[in-house]
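Two complexes come next, and they have one chain in common, chain A, joined by chain B in the first and chain C in the second.
Here is the complex of A and B:
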């Protein structure tokens, strides 16, 4: 289904100003700020998955591999006791992750449907066990990042990554940029071809497009952004461990994306906040939060067929 | 590796593979006939193991508890299919993934609610607790051999059921053309309920027989689920024969890898799976 642009615009105008103003009121509550930051980082990850699954129709259960890779790559290429430049390393990490995605995508995209779900899972599990079984990479405990990068551009530094509020704004900016990036991408010529491929691969091929290349490019873009989210996660908590790559990470990201409204991109933010919010709430109310979470997820599938974004759009359509 | 160690690993691998087949056959049957990707299948394995523990504690008889657990699993299967799975036939795989992930949450929560989170164990039934000598110094537990034979027996029964009986004929027909079966006046919804319940029961029975061989812990379902997916995908989704071959392959690869290349043993089955899918993207026995 095609999502309504007006609802997306409303959402952007409500969510981002609120998020921008939030630290003014709650700056003292460091726990809350850092919780929101981590949810935003994950929302960025879910957004990249949402593009891949919802827009390109490439269902993957191995996206968390790139999330973890973002963290491990930083540990591998950055010197241990020296602050590096954040922007330069963002570029490095996204580039290397993109190169990895190019190779893996080349193999994975030969399959489709249920087999693609499984082969992406296979690669992710390989990466998971590679890192969790190796001594050099810290095994199951993972690794610590001792020095956080500095963020100067031409000698001007806007963000101090050790300050939770600064880091919050950096993540908010990243999330906003990613959303804008996908909006532009989807409305571009490239995005329209991708939509056409999702709608009908056969006809798009008949029109003379090399659908494999479009899929591969989408896979590379989404994977690089997934790695960026993992890099931010690692910077926030100062460690990286294999559970970032576990299939359950991919699985819950998929749940959030479906919850938000698959393919709507901004729905990724809705889905992640709804899921994490419910999780947090239920976990504090009851020891058996999983029971209610499970029932809620089941109810969501039965009632909201197009996720929260789809439901919001229905509501708005009725009123206007 | 000398001959006797090789022999033990070979039997271990085959026995593990047969157990995997028991679980994976239900998964592949449900996918093949109903087109449902049931992520909660591993939870049924977990439920089976916990039920076995519970009834062994209360009745003292392993055989009796196995039968009660299988019946309860059948009932769970029917109820879940009638209330939840039935809504999903016309939906895409993603909705199925979401719904069955929700079911995993519910089953995990019920498990910790009813039985707690401590690891539990079931004693090997007394009649099967001895060991047979393999060589002068090595012996092999009878219970494991019993499990292997039981799995083979179930596989044979399934083979006959699918190829020789009326129900099996309907299952095969439902696999190839749902509408046509409906047109012939068969209530396909009833068939689906039966198939789903059988799938659930197979997973639960696997959980029951695995209970005395491994400790019963929360999360055991998810771990086995992923391994079974590997089996089902290598064999070709929906193919029981493929699941059988793939289960033995995965069992052997996993067992021998942990002896020969311990540092990458956990990766090995995924490497094999990726390799097979790259050569045969639809699995070994795809229709």
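Here is the complex of A and C:
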């Protein structure tokens, strides 16, 4: 197996305690906290894509459609001037996004490889133009969310979403839970079949598996989580707009996934932080940051053959 | 044609007027055969005779242009390809077709798990089911790979990969085994292992064996079918087929003195 669990464990033990303690030192620096929050939200999105691309072998350029859908769905189903319950709406949004993914997946997953890339892109562009051209959904400018949800469970409320530090912790918790969820999923019996399909679909069919159902299920799960990430994004910034659905969002998420190490899941966090970190640094150094960014990414992909996660594992194996 | 076979044997698999055309090319033309339970049915013929095409249709990989396939009397040619395996028709491939990145045990576990259920269980770890491991190990031991249990499949020798291929089919607990050249590319000693294995298996399963190694086929087959250019030439016991002048002609025409 390419990605061993030891490195993942090390990573979890380094990253999450650090992220947990971060606000103690930087609580005053609201810009930094909100930047970290948005990177974590995007890392969650990249993670769901990483599962699809790296684990299931389903390369999609339309995953951002669900990212945007998460935001738009919240605007559509939540009352405009009333605080709703965060957990209840998480459930609603994930369920509706899963239902949409079921229908789209049913059509998209009949193809594979380059054809699947094209058809997922086509669906995403359709959604993009639908939302950016319709006046009801605010057109190109998108929509504002005026009231943030409250987060009480049985009368107990741990997070105040208007407080950036609280929201930071909510996103950290979501990221951690998603990582754990994918670990469990990959280790499960369902995960065994998904691994088998990724490695040799023909053989898996010959053993009697209906591989379409497994792919569809994976697609639905990843899409629901992608929508959840979009929902968090909308809550953070208080708006939703069509650029969330643009194919460039899918594209950069794909780059982050490759950068982090496709199929490693925790690599999605590494990839997103590396990409966004570079972006942030270069943006402040030079006007032509995109040029340097491109060169750096090409270099990184060439040096780290299996992404940053793969490189870390190689280093650790040498040491131990 | 099969009059010499005693009729108390059960017909496991049957083809009726099976045809497969690729455009104008008749890869298979009107093949009607019966495969009996607990018998080994060898299929031989020169290259391009349609042996692999026949096997690919028996396992549902190709759909026949015409004709039907009966499994225990039920027509199955229209069902989905994965459903063939669920009915107990397992096959091995001419080119080694395994999960190279996984261990031998894991390879067989994938095969076993299909009928154990819980395939859409998202939460339970794949490593918790002992029964599954046991059945998989049993299949590995049957083909003599018990000692390779925890090796990664791409690290074992070619011959062992061929054995693993058969172990995976056995792990699905099939009734019918479709074996596509299990000895292809093997050394003499390795083939001997497979021959011994097939001798053990042929009284337990209905086996259809496509093979180029004539000595092996003659040694193993209860029934032998010769195919030439997509046509059925003859079927019968090994001795009868060997003495058939048409068979000699077909092979001599190729300049290939196998008999």
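The working rule: the second predicted complex is superposed on the first by the 319 of 320 C-alpha atoms of A that agree within 3 Å, B and C clash if a C-alpha of one lies under 4 Å from a C-alpha of the other, contacts with A are read in each partner's own complex, and residues count from 1 in each chain.
Keep in mind that, in the parts below, a residue touches a chain if its C-beta (ideal position, glycine included) is under 8 Å from a C-beta of that chain, and two chains touch if they have at least 3 such contacts.
This is a predicted model, so every value here is computed, not measured.
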Touching partner for A:114 - first (chain B), second (chain C), both, neither: first
Touched partner set for A:190, first chain B, second chain C, both or neither: second
Contacts of A:210 with chain B and chain C, given as first, second, both or neither: second
Which superposed partner A:29 touches (first chain B, second chain C, both, neither): neither
Partner chain in contact with A:152 - chain B first, chain C second, else both or neither: neither
First (chain B), second (chain C), both or neither touched by A:163: neither
Comparing the two partners chain B and chain C, which touches a greater set of residues in chain A: B
Contacts of A:125 with chain B and chain C, given as first, second, both or neither: first
Chain B versus chain C as contact partner of A:300, first or second or both or neither: first
Shared contact residues on chain A - chain B and chain C: none
List of chain B residues in touch with chain A within their complex: 37, 84, 87-88, 93-95, 97-99, 101-110, 112-113, 222, 226, 229-230, 233, 237, 263-264, 266-267, 270-271, 273-274, 277-278, 281-283
Partner chain C, residues of chain A touching it in the complex: 1-2, 184-185, 187-193, 195-196, 199-200, 202-211, 214, 217
Residues of chain A defined as touching chain B within the complex: 53, 59, 107, 110-111, 113-115, 117-119, 121-123, 125-126, 129-130, 132-134, 247-248, 251, 254-255, 258-259, 262, 287-298, 300-302, 305
Touch list for chain C against partner chain A, complex: 59, 61, 80-86, 90-91, 93, 97-102, 106, 109-111, 113-115, 118-127, 129, 168, 172
